[in-house]
Structure formats: structure tokens, C-alpha cells
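Down below are the structures I want you to see.
Consider the two complexes below, in which subunit A is the common component and subunit B and subunit C are the respective partners.
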Partner chain A sequence: MSEFSLFDKTSSYDGIYMTLMVNRIQMLYFAIIMPVFLIDPYMIWVIIIVGVLSQISIFMLSKWFNSKYAFKGYGGFVELFGERMVRLLSFIGIGFILLKVTVITLGYIEVVQQFIFPSVNTNWMLLYILLICWYVASLGMANTIRFIVIAFLCTAWMLLLLLNFLFQPFATIHDLFPLIPYEWTMKSWKGVLFIWSALSGPEYLVLLSPWFNTREKILKYMTIGNAFTIFEYVFIFIASLFFFGSHYVGENKFPLVEMIRYLESPVFERIDMILISVYLFQFVFAISIFLLLFYGATRITLKKSKDQTTRSGFALCCALLFISLMISNELLWKKATNQNILLELEMWAGSLTYLFVPLVLFISLKRKGRV
Partner chain B sequence: MFRKRKRKSTGVGDRMKNSTGKAQNTPITIEVLRERVDNMEDAEIIEHQTHNNSTIIMVYIRTLIDIARLNESVIQPLRSCRNKNLSECISASKITEILMVEEAEKQLMRGAILIFDTDENQCCSVNLKDSLGRGIETSETETILYGAKDSFTENLEQNITLIRRRLPITALKTEKFTVGSLTETNVVIMYIEGLTNPKFITIAREKIQNINYDQILDSSQLAAFMEDHKHSVFPQFQQTDRPDVCVYSLGVGKLTILVDNTPFALNAPINFFHLFQSPEDYINRWIVASFLRIIRYISFTLSLLMIPLYVALTTHHYQMIPLQILFVLVETRSQLPLSPFWESLIMLVTLEVIKEASLRMPTKSGQTLGVIGGIVVGQAAVEAGFASQILIVLVGISAIASFLVPNYLMSKANTLIQFIILILASFLGVIGIFMGIILLTVHLNALTSLKQPYFAPVAPFYGKDWLDLFIRGPLHWMKTRSESLHPLQKWRYSRRR
Partner chain C sequence: MKYKHSKILFVIFVNLIVISGCSPIVENNQIEDIAPVTFWSIQKGEDENFRMSTLIPPLVKEKKRLLTVQVDLLKEGMQGFNLKYYRELKVGQLRMLLISEEIAKEGISPLIDTILTDPDITKRLYLAIVKGDFDEYINSQLVMQEDLDYYLYQMFKHYDTQGKLTVINLHQFMRTLHSPAHSPVVPVFEASNENFQYQGTGIFKNDKLIETTNNMEEQIYQLIDNDHFLKYFPIPDLSFVLGHVKSNVQLNMDKAYSELNLNVQLNGRLDEIAREHKLLTREELSRFESEIELYLEEQTTKFLKKLQENKVDPLQLRKYTLRPFSKPLNEKEWSNRWERMEVKVDYDVKIQPLTDIKN
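On to the complex of A and B.
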């Protein structure tokens, strides 16, 4: 049996991969449900402002990529924080990864259940998706990162379909008013938090830095990715405002998918079924990356980072993830109130990681630089 | 417990050699040679008296040499020659002195004649190999309307000539290897020095040298040993019998591997998209060529997904079918006892049986089979209530579409994948189909050919190579060679100073 190496640096990737990864990792489940949480048209400005703020995190992350520690991977983190601290951070990171994977996976499965297979047992769907992700991840980190090109090419074009809604007779400019908020409520703050959380994800890419070779222009590539995401968010939100209007957009759980249902094709009546299935590409990519990070973090926590990766260890991690996701599905996701708690938790968790991971790395680098 | 044991023997041929108990590098004597050719009816040992009254013994295998050339180049000159030096009597371009019996044996089995001078106690060999084989014919596997018509034959030397005539440069290098302990097949690697990335040559060289098997009868067997991923359904070497395809591949920085006694050469490294390219792409006008190439990709997708989509839609997602089509579908399917999955599976298996049978049958019977398969089975299946008319139409389109893939091995892989996606579609509908496509792309993404990514230039992404990917760009735009092949010379034209 051949050696099972998941984290071998067999290939190094340039900045374009960083652009694609930043973008696709910001376009997961929260992008689908975004209009529900934003509702008011003035949130267009909020998306842009939060997007610009996100650029600060991106800037701090790029500093990490430019540092000498980034190339060393795990060794770099140990040099910066010490082994004990890295193990502690890994342990905490496992929880955050688990929460993110839970929300994006169960969220996608719910969309599939609602629009494609109303009678499907979601646990089976969860198993199938995780099996695919297990296969993708088992091919190693280098191959999984490379899969982003396929995931991007297969999913990015779907945005063009929304163009249709901008030129419909029912789309009037009045749907975009008021552009200036009359009042700023708690709900508006929640919207800000939601957008910030939706933009989270690139902070996990610091763990993949040994696989990237373009260090000088990394900020440029990450900025392009972030800018494209903001453009997509604004575009989706405007399209949903045109289609539903701000009074009705909050009534749908998945306004983006509901909109797509109205797209017509001479060959297929329900084009949304195909588009939801196509979305699987980017979910598989993201879950596979998080699966590898989950396994890596577990190894670090258990002080096994220097040992050879094993099939059994990886399979055990996947099984653990499946069991925890299944339990979350049964106990939390299936009940609307609990689901809201989980979503709220992820909103806070995503926001915290996107704020503190770049900040902590940036401060540590500065302090180390001074020492 | 299941640790692999290191193999001690190197192969049947070696075992046979060792079993004779003879030590390697035995000095040559006529007695030893007689012993070696014992029990070989076609082995001839002839004694001949020269004008100088010295005895000459000639040993050869009758079935391997050209008898006319033997008379003309060896026997006649020896009869009339008065010179004492044997090599000066024989009118052959190359006479090799032989010292060891193993070398003599090898020469003998490759169509040489061994000549012993008993007085001088010397032995030499003269190559009189019979150039048995067919002439250069038109390719049957890769037919084109315009362009060169010649194709490779089973003769290795002839195949090298066909390439050398098109590439008359000294930078075109050839390296010879022998593989197969029983067959001792000659394998030649061809590449353009200073253009082909040396990494590919080193990898190919190592892979050929590491082959440890008794029989290598065909280039596909060689490919099976050289492939990076031996369990994949996708070919990782391009097999072709067209010299122009090999020349084009060499010119862009690939290497060509020729195998003796087979008309199919191997080109590597390749990617998935190379298998959709036809030699005619570079002959047609670029717009026409691009259109045809796109049609090929569409056909590949259709042949892969059409039937699974039918199963998914009719089993799980009736709501996806437009109303007018749905009426027809419900009407045609209402009398059928089988589920869409079984209906499709039976029809696809039947189609594969017909395809395989038509390949094995003589040409004239093949036509009859086509009629029986296409009309009788199709019509009868509908009338008997085994299949709907819509499915017959879809199977027909799918079958024709599968023939558009220029590479035969690729179209076979396509068939196999179709069945897997069909099963997924029957269980999970449209999302099952996409799960299949994801698995397929992930697999392709992980494949390599001579350690080079198989799904390049898509993943990894090489933007400039897209000019000759889904379309065939104008030749004057394709100024650089494919980046994914990492050639040592990037530019395809000489820069003016």
C-alpha cells in the first residue's frame, strides 16, 4: 500500500488560487441566506462598508503571508507562539471549524431537501456529501487546493443568471429606496454582524500558507477575491430587492434560491434544481479543506504533528465529524429555534475568528519584529 | 504480516537462462553454440571450405534471415574470395566481432548470421534480418479527410524513419531500451533535445528501466507499466498510429515512445483535453476546427449525462420536464413494466453488446449486425414494451455522440463512467448526477501523466494554453508552446533581430 501523505507540499500555487479561495470561501451558506438578514435597501452601503473593513483583516492576513513564519507552516506558528500555545489554539480551532462545517453543510442539505428532495432523510444526504469530501481530502491538501479552480469555474457563472432580474418589468428603482437609513435598530447591527461573519473564512487560509509561492503580491490577489465577493453580495442583494421588494424579502428563508426558481429554460422547467446541485462543487471544496484542517488541528492537539498521516486516523476524524454533524442535525438543525441559535452562534464565531485571527497574527508579528 | 517480499527472480527469461547452469559471459565456441541451438528445427549450421582450404562454419536461424541476401552478401563472396581475412570477403556494411556466447545468441535471435573461422578461431556476426512486414498503409483508427495518410507499421526502424522524415533535425534524439525478459522488445524514446523538459525524459527512462515483466507485446502494455495511476479508467498516454500526431507532440515538448512490433506509439505527458484533439484540428480553418472541437466536448457530455438525466428526471424530478414533453413521456412510459433505471440499463448493456460484437465480426457481417441491432432490437424493444421510444432516441444520440471522441480508450472510459453516473442518478436524481461529476473531476484533478497534472491547463490553471483548449485558436496567435508542458523553448517562431 502506498504511503498516505495528506500534507505533502508536492505543488506550490500562485496568487490566482488565493483570489479564488478567498472568494469561494466567502460565498458559502451565508451568501445564500444573506437577503433575509439584511432586508432594508440601505444595507447595500453596509455591505460595501463592511467589505472595506474586511480589507483591513485581509491586509493583516497578507502580512502573515509575507512573513518568514508563513512558509514554515506549523513550525512558524510554534516559533511565534510556542508549542503549548499552538496546541491550545488548535484545540480551540477545532471547535470553530466544527461549527463552521456544521452550519454550511447542514444549511446546504436543508436547501437540497427543501427544493430538490423533500422526502429525503437528511442524514443520508449528509453521509453522501461527507463521503465525497472524504475522497477529495484524502487526495491531499495540494490536490484539494487545486480543486478550487474547478469549483470556481463551475459556480461563478451562476451570478450572471441574476442579471435577468435587473431588467424585468417589475424591477423599479423605487425598490432600492431608502438608501439612507431613517433609524438604526438592533436588527441593523445584526445585519452588520451577519455580513462580517459571511465574509469570514479567509483567516483559515493562513494555515495553508506553505502551499502558496507568491508572497509579494498576495495582498493584491486577496483584495481581488474580497472585492469580487463584495460585488457578488451587492449584486445578489439588489437582485433580491428588485424581485421581492424590501417588504417581502424577509418572508422567504432562501430568497436567492426562490428567485432562481423563476428562471425559465426551454429544456428544463425547474432550473433551480440544477443550480443547487452545481453549488455542491464549492461546498465540497470548502468542506474538504475544513476536513483537512480539522484533521491537522486534531493531530497538533494530540501532539502527533510530526508523525506520518494515516488512513485510519483520517477516517476516524471523518467519522467523528459525521457523527457530530448528524447529532447537530437531529438535535439542533431540525428544530427552527435551535437552528437559529446555531446560526447566531456561527455568526458570532465567524465574526470573532475573522477579527481576532488576523489581529493576533499581526500583533504577534509586530512584537516579534521588535524583539 | 502482509509485508511484501522482495522478488528474487527477475523473470521467466532470466530463470530459463540461469536454469541451464551456464555462467554469464561464456567465451564463444562452436560446441557451446551447437548446444544452444539444439532442438531448433530452423537453426542451420553449415560448414564451408574456402579457397584457402580453411573451414568456415555459418550458424543462423533460417526463419529470421533473408536467404537471398545471405547468398548475395556472404556465400557468393566467400566462394570467390581468396583473401585470408574473413571480414574483407563479406560484402556487408557492418560486421561485428563476437567474443561471448550470450552476445552471439542475442545476435542470432535478432536475424544475424554467425560466421566461425576455425583456423583463426574467430567469430563475427553479419546482420541479415528479414524485413518481414506490411507496407505503410492508411490509419484505420484515426481517419481524417485531409492531411497525411500514412501510418505506423509493426517495424520499429520504419516508424522511426516516418518521424525523422518529418523532423530532419539532429536535435531529435532516440534512446533505445529492451524490455520483457522473454520478448526482449525494443523500445525507443524520442524527444527533441533542448525543447522537451529533461524531467519527462528522466521519468520515462526510469519507468522503462524499472519494468520487470516477461512479455511486452504492445505499447498499451508498456503504458500500463509506465502509468502513474494504474487503477484509473483514463488513459495517461496518448496512443496513436499517426506519425504526424507524434511529430506535433514532439514539437510541443512531449516525448514519443515507440515499441517494436506494434504500430501504436505513445505520446506523453498528456492531459485530459489532448484526448479530444484530432489531427484535423490543425488542418481545418480555425473557426471550423474550434466549432468541431466544441461539438466533441458537447458530445462527450451528452454521451455521459443524457441517459442518467433521463433516469433522474423520470424517476425523481418529473417537475423538471416541460409540460409538452411530459405528456409524451407519460404516454410512452405508461405501458412499460420496468422502472426507468432498469429500462435504461438493459438498453445500454444491449448497446454495448452490439458495439462489441460489431468490432469482433467481419466487416460485411458487421453491417448486418448494425441493421439488426439498430432497427430490429430497437423497434422490437419498443413493441415488446421493454423500452420507451424516447429512451431509444436518447440511447441512439448517446451512442453516436460517444463516437465523436477521437480517442478510443477515452470513449471506453466514457462508457464505464456513464454506468456509474446512471446508478447515482437512479438513487439521488440530479444531485446524484452532480455528485458523479464532482467525483469525476476530482479524480481527473488528481491524475498525472509522467508526473504532470492531467487536468491542466484548467487545474492547475494556465491561461495562455486556453487558446488551444476548448477552441483551436488561429495558428499565428499560438506563438508560444503549451506552458503546462514546461518546454525549454517557449517561443514557436524565430525572433527577428
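On to the complex of A and C.
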């Protein structure tokens, strides 16, 4: 029987993988519901501004990749913070990872339930999705990272479909007016928070730094990923404004899916069914990565990081994740977007991690450098 | 090796669950068991709220027939159909929703909301208002035309891309309903025993039908808003028929939104002259042109005045007040201004005679 090692560094990847990962991890569930939170046309500028701010975070993260600690992985963090601190941080991290996985998985399942299987119990879908992720993740970190190429190729092209909506007969340029805000309310602030939180995700990638080699150009690759995401956000938002008009976009729960539903292929009418299913690739990738991180963080917290990874331990972690997801699915996940406590929490949690993880890393690197 | 086997066993196990009766998927879409319908017609019921009817598509060699139920709720009707018919009706292919005029006058948003929330029903569902008894028409025509529902759908689809008639689908309706003008439009048809005929554009205020354009208004509406094209443009009052009329519309509002300038350029050809005239000369042609201009200006002004009186804005004129860098008017301000706005209409007609002109 071969050894079951999840975190072996069998190969080191090029920066292009980083580009794809940064981009896809920013395009998860939040991208689907984004227009509901933005509504007003001037949010186009807000997306761009927040995107540029996100570039600062990306810059700080890339400093970590350039440092000498990065390729040591866990050891690097211990050198930087001390073991006790790292254990504490990973314990906190478990909570954040759990929350993120919960929101993206349950969000995706909700879409599937609404549009494809209205009468299927969501827990079944949860089980199936986690089984797939379990399989992908059990192939090891190196293979999961490689899976990003499939996930990207399967989902990124969907953007082209949105081109249709720029040329609908009812779309006029007036749908994009006015371009500057005339009142700035709480709702607009929430929009800003939402975009920032939607852009979060790359901070988890620092944990994957041992698997990457070209450290010098990592900033360039991450920047491309981030820029592509911003382009996608702006494009999705403009397309949804053209399609719904700014007064109607807020009435829809999943604007992006509704738009895709409007497309009709001459061969197959319910094109949304296929596209939602294909979208699963991206979610499987993200959940698998988070599953591995979850397992890793649990091991660190329990002081087991030096031991060999075991099948039973990993399976236990998956089961734990499944149970906690199922519980939050039953108890906490409300089907109304605006009253969903988990979504609200994730908006804050995502924003916080995306703000503080790069900042803390950057500052402690600077201090270490000086000492 | 051991693990490879267990993987295969696992896949087989999952498939067994899904294929056999233990599947968590309750719905069954076996083609022998279902009947996808293409339209619903909703009329006012006698005792209950609605009388819904639909045509059942034949699976084997059987006659198409009209199913009718009397219900209080829309989806109750769906259930009612199933209780009446041996195959299960599916709405996945629903393409048209025909609503009777009486219901439209009372407001259709409860109906539309129900339809909208069903993910099976496409957003491209065509909406139409029907005057008269549609069931009667279907029943009398079924004998002559088997695939009546299909032809009806083809007609909608044809004019959806072609213009000339107003064709509205569910999404477009919702979009205009939610826009600040709240004045969606829906085509109105008249059904009688032998005929199903296009009447004009029904103008809504919120979700209530308030009026239908008459013949002349309809053509003006087509030219200035809908598709800017008419293949035939009869003007009975002047005894002319213009053909292949293409319009170019320019709308201007002044800064205070108190005046609307509507400039319409019409290019077309003179298809028919039903009055006595001498050989066409250049002067005569330009006299015709100015006569048409004057007439159209008068008619258009009348049409716009009527819209103002009814406080509706089906032309979506509000969007012309939106500019990239100025504060938009809110709904109330706009409707106040629109009611009192002075309308100036100017037509510029250029017609080609079909025969050569003598000088």
C-alpha cells in the first residue's frame, strides 16, 4: 500500500497557476449575486477603485512569496511568529475557512436547488459535492493545484456569453446613467464591503507558497489574476445593468443565473442547467483547496504537523466539515439574500482576512528584516 | 490495487442508488408520462377567479383538445389540468401567456409574479392580451388547423425579430414595469369565432391595462418607438399608403424639462394613391409630403397628449433625462414634469414615387 501523503511537494508550479488561482478564487459565489448588492450604475467606479485597493493587498502578499520563509511553508510561519502563535492563528483560521466553505457551498447548492432540482433535499447535494471534493483533495495538494487549469478552462469562457446582453434591443446606454453618485447611503457602503469581500480569497494562497517556484515574478502573475477579476466584475455588472436596468436588478435573487437563463440555444433550451453544472468545477476546486487547508490547520492546532497524514484523519475532517455544513444548512442558512446571517458574517469575515492577513504578514516581515 | 477496486465499487454503489427507486430526485420526466403545453390562456371565470385553458399536445394518434379548468389560483389550475388529464402537464415548453382583457384591467401582477418564480418557465414567454373569448376561437379552429398553437407561437417569434407589431416577452415586461415610468406595453389581440387579430398596443399603468392604441396611434407608436419600421403605412384619411417606411427619431428635452421636441424623419415610398390626381409632378409630390407631415404631426401630438393625460410613459421618455453627470429626476418629479410638458412634433417626410415624375 502506498503512503497517503497529502502535502508532499512533488512538483513546483509556475506563476501562471497563481494567476488562475487568484482569479478563480475571487469568482466564487459572490460573483453570482454581486449585482443585487451594487444596483446603482456608479458602482462601476467603486468596483474599479476597490479593485485597485485590492492590488495593495496583493502586493503585500507577494512580498511574502518573495521572502526566504515562503518555501519552508509551516516552518517559515513558525520562524516568523513562533509555534504557539502559529497554532493559535491556525485555530482561528479554521473558523474562517469553515465559514467561507459554508457560504460558497450552500450558496451554490441554493442555486442548484432553485434552478435544477427544486424537489431534492439540499443535504443530498451537499453530500455529493463534498464527496467529489473529498476525492479531489485526497489526491494531494499538488494535484489539487493542478486541477485549477480544468476549473479555469471550464468556467472562464462563460464570460463571453454575457456579450449577448450588450446587444439586446431593450438595452440602451441610458441604463448606465448617472455615472456619479448623488447620494451615498449605508447601502453604498455595504456595496463597497461586498466588493472587497468578494475579492478576498488570495490571502489563503500564501499557505500554498511551498508549491510555487518563480518567486521573482509572482507579483506580476497575481496582478494579472486580480486585474482579470476586476474586468470580469465590471463586465458582469454592466451586462446586468443592460439586461435588467438599475431599477429591476435588485429584485432578482441570482441576477447572473437569470441572465444566463434568458439565453437560448437552438439545440437545448435550458442552457442554464448545463452552465450551472459546469460551474461546479470551480466550486469543487475551491472547496478541495479549503478542505486541505482545513485538514492542515486542524493538524497544526493539534500539534500533529510533523506526523504522516492519515486516511482516517482526513476522512474524519471531511466528515466533520460535512456535519457542520449540514447543521448550518438546516439551521442558519436562510433563503433570503438580505437576511442571511451567514452571508453577512462572511462579508465581514472575508473583508477582515483580506485586510489583515497581508498586513500582518507584511509588517512582521518588515520587523524581522530590521531585527 | 485494493483502493482502485473500492473506488469502482463506490461508483457502482452510487449509481445503483440514483438509478433505482432510492434516488433523491422525485420528479420523473419520462416522455410517455408528460405533456408539455405551449400556452396558457387565462380568462375571467364564472364563479371562480380564473378560467384557464390550454391545448394538450398529442402523443399518439389522438385529437388535440382544449382543456379548461375553473380555479381561484393560477397554480391551482396547473394541478387542475393534471387531475383532468391522464398525462402530467409540464410547463417547460410554455411559450405564450394569453390574458383576457378583463383581468388585465384589474391588474396582472399576481399572475406574472407566479409565473416569474417558476424556474421551469422561460423568461422569453410571450405575453398578450386577448379581447373576446379565446377558447371559442380555439375550439372552432381546431378542426381546420391542427397545430394552431404552434403557428401562433411562430407568429410571435417572427414579429419579435421583425418589428411591425408589438411583441413583448416576460422579461421585457418586468423590466419596464419596474422602471420609474411603470408603463409597460403588451400587444392586444381580438378573438372571435373565426378570427384572432392583432389590435394594437395595450398601454399599462403599473400592472393595469388602461388603453389600447387605435390604428393610427399604433402605427405612430411603431415608427417612433418600437422598431422604427413599417412595411405598410396606410393613411386612410389622406388616401395614401406609404411603403417600407423607415423612421429616424430624435428626441430633445430642454434643461428645465418643460418642452419636448420630437423630430421624426420618415423615408418611404408612395405605394398607393387612392384619390384622383393628375400625373405626378415634383410639385405635387412635395405637396403630398407636406400634407402627410402636417397630418402626422397633428396625430402624433394628439397621441402624446393622450399619454400625458393618462399619466403614462410607454415611450420611456424619462431615460432621455438621464445624463452621465447630472442628478436624475426622481419618479415624482418626472411624472409632474411629464404631465405638463409641452410637446412639439416635427415630421420630415421624404417619399419616393413608384413611377417616374414629370416635371
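The rule is simple: the second predicted complex is superposed on the first by the 365 of 371 C-alpha atoms of A that agree within 3 Å, B and C clash if a C-alpha of one lies under 4 Å from a C-alpha of the other, contacts with A are read in each partner's own complex, and residues count from 1 in each chain.
By definition in this document, a residue touches a chain if its C-beta (ideal position, glycine included) is under 8 Å from a C-beta of that chain, and two chains touch if they have at least 3 such contacts.
In this text the structure is predicted, and so the values were computed from the model without any measurement.
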Review point. Regarding the shared-chain residue A:Thr310, is it in contact with subunit B (first), subunit C (second), both, or neither?
Key: neither
Point to revise | Touching partner for A:Phe117 - first (subunit B), second (subunit C), both, neither | key: both
Check your understanding: Who does A:Glu258 touch here: subunit B (first), subunit C (second), both, or neither?
Key -> second
Exercise for review: Could you say whether A:Arg270 touches subunit B, subunit C, both of them, or neither, answering first, second, both or neither?
Suggested key: both
Check your understanding: Can A:Ser11 be said to touch subunit B (first), subunit C (second), both, or neither?
Key -> first
Exercise for review: Return first, second, both or neither, reflecting whether A:Leu179 touches subunit B, subunit C, both chains, or no partner chain.
Suggested key: second
Review point. Once the shared chain is lined up, is A:Asn340 touching subunit B (first), subunit C (second), both, or neither of them?
Key: neither
Exercise for review: Mind working out whether A:Leu280 is in touch with subunit B, subunit C, both or neither, as first, second, both or neither?
Suggested key: first
Check your understanding: In the superposed arrangement, does A:Ile132 touch subunit B (first), subunit C (second), both or neither?
Key -> first
Check your understanding: Both subunit B and subunit C touch subunit A; at which residues?
Key -> 117, 269-270
Review point. Along subunit A, where are the residues that touch subunit B in the complex?
Key: 11, 13, 16-17, 112, 116-117, 128, 132, 135-136, 139, 143, 146-150, 153, 266-270, 273-274, 276-278, 280-281, 284
Review point. Which positions of subunit C touch subunit A when the two form their complex?
Key: 2-3, 24-27, 92, 119, 122-124, 171-172, 174-175, 178-180, 319-320, 322-328
Practice item. Flag every residue of subunit A that touches subunit C in the complex, lowest number first. Key: 1, 114-115, 117-121, 124, 170, 172, 174-180, 182, 244-245, 247-248, 251, 258, 261-262, 264, 269-270
Review point. In their shared complex, at which residues does subunit B touch subunit A?
Key: 316-317, 319-323, 428-431, 433-435, 438-439, 441-442, 445-446, 453, 455, 458-461
